[in-house]
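What follows is a group of structures, each given as structure tokens.
Both complexes below contain subunit A, partnered by subunit B and then by subunit C.
Up next is the complex of A and B:
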């Protein structure tokens, strides 16, 4: 055991408590019989079965012996027996376990099978078996509990050494022709010593509890000897007259058992290096008052100054910074940007699904003409539940594995439209057919794991169609799928948009995917929109250097395959270290002093085309190619 | 067509799984039976003399030895034991002369009732408490509650069942005088022993359920369930719970063996009739045929219960069967 770790464990409150109790127990074990030994043995029949008093803290037993003195004096025997049986378990279990690492495969499987069968068998039955053979008494109890713990140690040593044996350096040692025994002692054993010590510490607690149980049942330590378990057993006979006679020794058993367990757990935690829980800051951002304005019936979504904040110990992180945009009815919009640019957080904030501890604030947020903050909660649930559909990136994890697919579709209308189960199921089958799933009646009865990836994503889209969708938000819906399936899903989204008139907002890191489906593209960088541009102009040559670089990094038919693929030099800035001016300036070939000093606002370039850049580029062949 | 083949294949893997599990059970049962037979052989000295005491006449000892078949060759004894057990005879008590299978037939239902009630307590309490705590502390919310929950559960999980029994007796029977301390009088006398057995496993399982809840709640399908704007009740009960249950049942199944063992001890705390009180009495009286019989029955019960849990799990989560093969 390494000294630094022990010191770190001692720095935790539980570590200190456990250490103090263990030290106290050891001291008590040494001095107990010396200090209280005589008093514990003194028989005083007239004083028999007295309750607690100043002279007898826990009262007296049937022949007038002081129970407190007996409890204190019993510490030594109780701990000794626990240590002994732990030594037996360690001494036999660990050799059985680690020899596994060097056995041949067939023998290894046999031993492993025996060990796992023995581990699943309750230890107490094994202990009773041994106890019967050895006979009632301390020896029988120690051997019984010790043998009962052998399978556990063997299993632990086996798993640990198996993980070591698979490591490169053991393989290297084997190739070098080092003998199995040497490998065991010089390579395997030192590396598993630490976790085994931890378990050993905890086992002292377990065996103390086990031996006390046997003594308590009258199968362990017998008169004239006594341990805590035996005292507990005899005290229980007069629990009505004097509860302390049993609770006193009982409390010491619990205390000792807990202390050894806590010590082991604390050491394990220090070893595992669990990070301390970050304390979330409360009240990160006050919500600003919603701006008053006339709702536009043609607009599905109006976002003004949306910001998402994550409180953190070192200062808030803001993955989305002051976003303003609108989505018109029936429009298909793409949001592109590298990972970490805030695309997903934007849509999660819009759909009111931000993960804890994220918070969204905005000047104005209108959905279908209604200020989201003014809609009462139950109505908001129904509004969003029936008209806003969400499709996420990984269809494998989007469907609940424990529920039939049809049911997952049907529940939407059962909850929000009050449909009966059968009617809802019929609608679900119809929607599955709409998204071109063959044999929808059968498929609706199946579980998600019986669906292919593409089918699951279709089923997710069908879920969104169960209500009256006005807005379909798809977050990287094609990323987890292969190319042919990607195309089908894009076509399906387009069909949904044309058939139902719902607006589609699709997020992707891939410009080429977005341009296949969308009429307008929002380009995000470091939590801001840097360009809001129609797809035609985008393909003709965007104005922002970042958009140009993104576009240039997509290979097409004209890409010279003899040259390395274009990439954007540098990395996006970390959220907690944003530069003062334009966030893209450190990577931008056009950046000058002004770019580094002031962040450019998102302003109209011509018509609907907005750009946030001090040096917008004219349409045409990209003049700023991405650096190779 | 393709679906039909998948059906057949799935059926096939399940049969292999079943056959393998039953094979393993038979081997384990044979081992337990052999150990039970060997028990009496391992005892140093003369087991019959130990059982009858030093004052018993030599003729009586010899007669009992013959009755137990200890005079025959070891192989014959072993084969006889197999034959007897398979035909339902577990021997005769040296002390009372009663057939062991009769003793077990009276005591087994009592123990089964206790273990059954304790299991129901454990599953219901641990899943509801663990899920509630998990929902409250998901994604690092309420760190202080998390600390409190883990400390309390780890303490309760460490306290052995017989001490919990003593504590429960003190609180409910001695101090509050609400429930009877001992004996076998209706459901009231079942509550405290069942709680004593269930509290430890409940605490341990609730911890696992809490962590599992945190894991399940951060799954994408839970976000989808929220995106559907389902009521909270449905989000937790329909979408989260079934995904928690597999994990809870896997561990809960492993706990069954522990519950059986705990019942042995707890029956003695509460002086309840059952296999536990019977075996402890038999051990103190050196009544070896009874010890052999009860150990055999308890061991077999644990093995069979473990198999049933495995089968239940494979029915609940068909993927687990496939994973194994």
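Up next is the complex of A and C:
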């Protein structure tokens, strides 16, 4: 467990409260019987059934014993019993559960079946049942509550370890021939220890309540022993004369139960990590928004100085830094970059889907000639909903699995265009036919899981066609699909572009896929566009060293098998440690002092070919230094 | 340890792997034969669901076989636990997702030390192994979360090399990496293989990557091998229509910008249901030269071409193997970065 995170979690009000109360309880458990033990046992019949006073804070019981002293002295036994029963549950339940990770298939199914049956049995009934068999008393109560909690722990450990057992590092250990015991202790247990610890902590609270309840009912701790539950029970007999006799022990039960639950909560927070605290962003560009002249009707998207920021403790992270580009009507543009280049964040910012706490700022962001900042929210939703189509990487997760495909398509126009259900459905079928889905009437009635991956992606594209798309944004639309389906999807996007005149922006990590569809390519590196280049020129040899290296590193069907592949030395800079000059300079064979000192702006090289490099390379077969 | 030194380190004969029972059951691998040449790289190509990863998992004992033999250096691994146990030092596997294949609670040194211990070797080899896979010695004290995807994959390779295996199974090891990192890992695997004459079963869906690395190629489709040949022969003249569709699907820098058109070698219709594979040739409903388009090829619907595949060139499971038009010679490279 991360020490820093634990400290931070303990510094929260919940953490402090839980820690203080638990420490107090432990101290009380240790010193309670020593300090108050004699007083608690002292019988003083003349003082019997007195109300609270200076001498007896909670009053006295039937034979004149001090109830406050008895409550304090009972702390040790109450906590001991709660801990014991938790230990029973943890000690038996978890070993049963984690065997799931290493047992053979038959035994595994058997154990899983037994656990399922046990979980289905009501816990309280099980506790009473065990309690009755073992015999009324502390032992019976501890065993009863402990055994009743075993199935829960077994199920939890089973689920957690089954998820770990399916991971490749456990497979790798098995291939190495590592023993089952070692796999259990080194690969499975450490990775599920945190949730188990926190559940264990919380269940101390539950078993305290459970045992107190049994004692209260007279099924648990019996005289002459006593715990809080027993004190509560005996105090209740004369609650009208002396309410504190029952409220006192009751309050301690509640306090201790709460403390253990809060401790569990705190541990859970440490485990899950706390979301970064958002700070208001100041100094965002955009004061001159709307000051740009007449909008060009041909422009679908006009992005000027788009920046995406994520507030972080050590300073804002900016995955997208000052992006400027335009998309014209009917254009097909590709955005290419490796992971961390900011290409997906750009798409999310444009479609107003940035995850919290990310914030986008810009000098100007116009969509269909309208400044996005000036459009009221409901109208913005309608505008984007009807004219912008989004196609994501994983079609399986972007369609609702519980809705028929036709209904999902129809929903778009029912909501945004107010079409009747029937007319909307007819349109949906027509659109499915447009994306080459055979027997669209039948397919519209099916659920997404009845579609193949390629068909789901085509259905997603059909969803985008339900309105009047002006812009289709496709984020890695073929990455999750089989290679033989890839071309089909690219052709379909092209067909949509030509038939409807909608502009297409395709995001991909693969340059060659992008050149199959797009006329212009924006190459991103470390949050910036480093090259804005027509595909013809790209094929002839780009100007930016990064683009060149990227092209060279992808093997294709004519790569020389006798030579090592060209590679790019090093790795992209971390977002929180961007170099002062050009972000690619540390990996660039052409970098000099100027590159390390100043970040080159994105400037025209010739015509509409833009490049951000102090040493742009001429077209023609480039010489990329292979650093292998 | 020296055993019968056959031409092939791994020979798979009639391997069957079945998942589930009853109506939901699925024959993921349906009686395949496969040879991995000693000291060479066999590229196994196929799409998702073809069963190629299941073959890998069966070889290393992660998937239970329902029939057939897996002969490693002549010993059948399906024979019993002793044979399987003895194979642990001979075969190792590298997985697709470097984020899932390393225990997040163990430092790199512990991850590699665990493998070394299985070999009975001391931990003093850790720096050497890290150097071999191109990592700093300082990486040893790192946790996986501190490493990039490419670095993690290198650690996974070092772990596999630690037991000094004779055969490495690489299952889509670059498909979750960035392209520039992919090139680094491919170069590394190629260097290691050449240096230590390892044998490699290289599984991938990317034909261009397979072409770059492999000495021999096998194509898998719906649980069956439909074509197997030395790499040069395979790429010069693929015999199975499914192989052609795979080759044709490789993204190429378009000759004319953004103008990649439809191809004659795109599969017809939608993928078949693997739970109810088509009769005859399993590719026939989708075959661009099969009965779906050519009336006279009815034989494909009824007769399984796999039965006499051994008699055809490239062991192609196609009744019309040898009748495919040869692919055009690879276009002059439009990929920059290659001096000739």
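Here is the rule we go by: the second predicted complex is superposed on the first by the 341 of 628 C-alpha atoms of A that agree within 3 Å, B and C clash if a C-alpha of one lies under 4 Å from a C-alpha of the other, contacts with A are read in each partner's own complex, and residues count from 1 in each chain.
In this text, contacts are C-beta pairs under 8 Å (C-beta built on N, C-alpha and C of every residue); 3 or more make two chains touch, one makes a residue touch a chain.
These numbers were taken from a predicted model, which means no experiment stands behind them.
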item: Partner chain(s) touched by A:418 [first = subunit B, second = subunit C, both, neither]; value: neither
item: Which superposed partner A:554 touches (first subunit B, second subunit C, both, neither); value: second
item: Touching partner for A:376 - first (subunit B), second (subunit C), both, neither; value: neither
item: Touched partner set for A:257, first subunit B, second subunit C, both or neither; value: first
item: First, second, both or neither for A:13, with subunit B first and subunit C second; value: neither
item: Partner chain(s) touched by A:122 [first = subunit B, second = subunit C, both, neither]; value: first
item: First, second, both or neither for A:571, with subunit B first and subunit C second; value: second
item: Partner chain in contact with A:217 - subunit B first, subunit C second, else both or neither; value: first
item: Subunit C residues within the subunit A interface of the complex; value: 47-48, 57, 60-62, 64, 85, 88-89, 91-93, 95-97, 100-106, 114-115, 118, 148-150, 156, 159, 163, 178-184, 186-187, 190-191, 205-209, 211-212, 235, 245-247, 249-254, 257-258, 260-263, 266-267, 269-271, 330-339
item: Subunit C partner contacts - residues on subunit A that touch it in the complex; value: 105, 167-169, 171-178, 186-187, 190-191, 332, 338-339, 438, 452-455, 482-484, 486-488, 490-491, 494, 509-513, 515-519, 534-536, 538-539, 541-542, 548-561, 563-568, 571, 621-624, 626, 628
item: Subunit A contact footprint on subunit B (complex, rising order); value: 3, 6, 24, 28, 31, 35, 39, 42-44, 138-141, 143, 146, 151, 154-155, 158-160, 162-163, 166-167, 169-170, 174, 181, 218-221, 223-231, 234, 238-239, 242-243, 246, 254, 257-258, 260-262, 264-265, 268-269, 279-280, 283-284, 288, 291, 295, 298-299, 302-303, 306, 318-319
item: Parts of subunit A lying in touch with subunit B, wherever the complex brings them together; value: 14, 117, 120-125, 128-129, 131-133, 136, 205, 209, 212-213, 216-219, 232, 236, 239-240, 243, 246-247, 250, 253-254, 257-258, 261-262, 265, 277-280, 351, 353, 355-357, 381-382, 384-385, 388, 390, 392-394, 397-403, 411-412, 415-416, 442, 447, 449-450, 460, 463
